[in-house]
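Per-chain numbering from 1; labels A, B, C and D assigned in written order.
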């Protein structure tokens, strides 16, 4: 099976996902003359949107690079890819929760929102690891190895960060939020580190 | 006519459909401090979303595999494909109904929602059968037969499951829901069974 | 300039447009136990959705066939295509108006909604005619003529139907609605008639 | 790395962005019989939608033309492209603000909305300039120079227009709106001027 349609379908899902995120970052109809107050009050929401946007963007970069090395697809890879895209769509849900919690700054709500986002991030890392594992055990599908020793520890590190975020959320919800943010930034750094040799 | 645009357009519709489903699975703005209660109360909705997502995913897998064997498209195939995509978009509507009914757990509403979903699933199966029938009677459009004896009974089996779900809904609405779920799972199993010989 | 991106972009817009139309055809949260009443009351909305879906579908079929004959694109064709896609997105707005008017069946509202839909349909026909005219006066962009004598009268006929619908709306709003429906059905028939020779 | 997926992903984001803009230009459910009043009252919103649509359209045209000359992509170009698409998605947010402000015509709200739109437009121009600068300093990625002397001043001119719009908004909010509109029209004119030699 050719890989063109799995790429087109995935590009479509990533493109829609990354674009509809902006619909969450939305002004709410209020009394005339309150727009400035409302816009400045949406700074936390802007940061949430910015983070989620570049999270999906990083996921697309990884997906793009993995499939650059894929020569053809199989039924198992198609299904693993559907699972991966499913976990990615949940970012929309968890971003909604964080946006709602940041509007009221209620601590209990923020904890719930951050934990759900952490769990979604863990599921996404797991689904990427499954694709990665499948491709490295089916070398006939790829042009050459897409693995490197450091990458094998990466899912473990991000798992530790998101796990800490969940545990810490019972102590201090803001630190939990910062750890969640660090986890997402870590993916981007891991991506850049993986790509650096190819840049030279 | 080349088949590239019918694939691109269909991939686009499937990608949008599967991604906007997540918009139904959405937190509703409530009083601060009630987010945990709301998230745990959305478990039935999560199952509905999960099911609908993998239903659309399975439809994409079938579509992908059928068109792998299609060499070129015709006006009739373009129109049949538009009908197929139309029935698929109705999943969004019927999932909305199920989500609304599962929020209140009102039995009359659940029956209506399950029956509408059953009817939509029957229409989808019918439109896939039409494409399948058209392609098998126009062998010049495909590289080789895309049929196998077992597949001819599959639409009949799924029709029986969805039909039973409709009838049973007057007796017990929960069994109707389980039968609807089984119908969708059956499509996925039918897909896997069709693909298994190709995996070896 | 290659034509692949103009096709991909247009396919994307058509795919999104045709899929988000279903979001208009949506259950509204009501009291538990009223879902059956609500679903049966949405039959006019279902017909509106069905009509608009196949209207956009027919526009895609025309677009697909025109660009099958296009060998390469130009800046002017890109801009004309953006205008065409703009008029097509307005279907979403006019379908919303019709859906709102059909919920209350208020005659004044129905007249406004049908007239707006008629105007949008006229703008769409005009933008297709512009593309068609541009391509027939730039034969170096196409592989061979994409015109036929009958097609030259088609925009005139559909213009007459939509124009009558607007005028008749002051006499009887239901006949205006039927004329609007006929105008859309006419496009589909015009498409089939254009394609028939190619089917043999 | 091949450039096909970065184009497909970008086309997807542009197509979704340009299509969901129409969702902002939407009738609001009102009392029966008030639809005419509502539709005529939405003229400023229609102009906002029209402007934003052709703004995104012009951005797509520039993107399309730049990447026509790109032979292959790099990690840095992928990331710059994600930043560019991010700034473009913010058009949806700023258009929402303008639409809300134009419904009430509150001067303070209009100033906020126009300033936010100006800032978004400045960020978009900056991100295009970054891509443009990257491509002109990495000639090995393109087939030939995609620059011309006049284009180097264009970002400066549009920066001046949007900057004036921000400053003028404290004196007269309507002139600020007109300057914002001029800035967007300027992009289209700059695009046409760049393409004119290629048209001959």
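Just so we're on the same page, contacts are C-beta pairs under 8 Å (C-beta built on N, C-alpha and C of every residue); 3 or more make two chains touch, one makes a residue touch a chain.
These are the chains along with the protein names UniProt gives them: A, B, C, D = Integral membrane protein.
What you see is a predicted model, and the numbers here were worked out from it, not measured in a lab.
Q: Given a C-alpha superposition of subunit B onto subunit C, how large is the rotation in degrees, taken in steps of 5?
A: In degrees, rounded to 5: 90.
Q: Name the chain whose C-alpha centroid is most distant from the C-alpha centroid of subunit A.
A: Checked the centroid distances; the maximum from subunit A is C.
Q: Does the subunit A and subunit D pair touch with the same residues on each side or with different residues, judged by whether over half of the numbers are shared?
A: Result for this pair: different.
Q: Centroid from C-alpha atoms only, then distance subunit A to subunit B, rounded to Å. What do you get?
A: Centre-to-centre distance between subunit A and subunit B: 26 Å.
Q: Between subunit B and subunit D, what is the gap in Å from one C-alpha centre to the other?
A: 37
Q: Could you tell me which residues belong to subunit A and also touch two or more other chains?
A: Residue numbers touching two or more other chains: 8, 11-12, 15-16, 20.
Q: How about subunit B: which of its residues touch subunit C in the complex?
A: 1-2, 5-6, 8-9, 11-13, 15-17, 20, 74-76, 78-79, 82, 85-86, 89-90, 92-93, 96-97, 100-101, 104, 106, 108-109, 112-113, 116
Q: Enumerate the contact residues on subunit C facing subunit B in the complex.
A: Interface residues on the subunit C side: 7-8, 11-12, 14-16, 18-23, 25-27, 29, 32-36, 39, 50, 53-54, 57, 60-61, 64-65, 67-68, 192, 195, 198-199.
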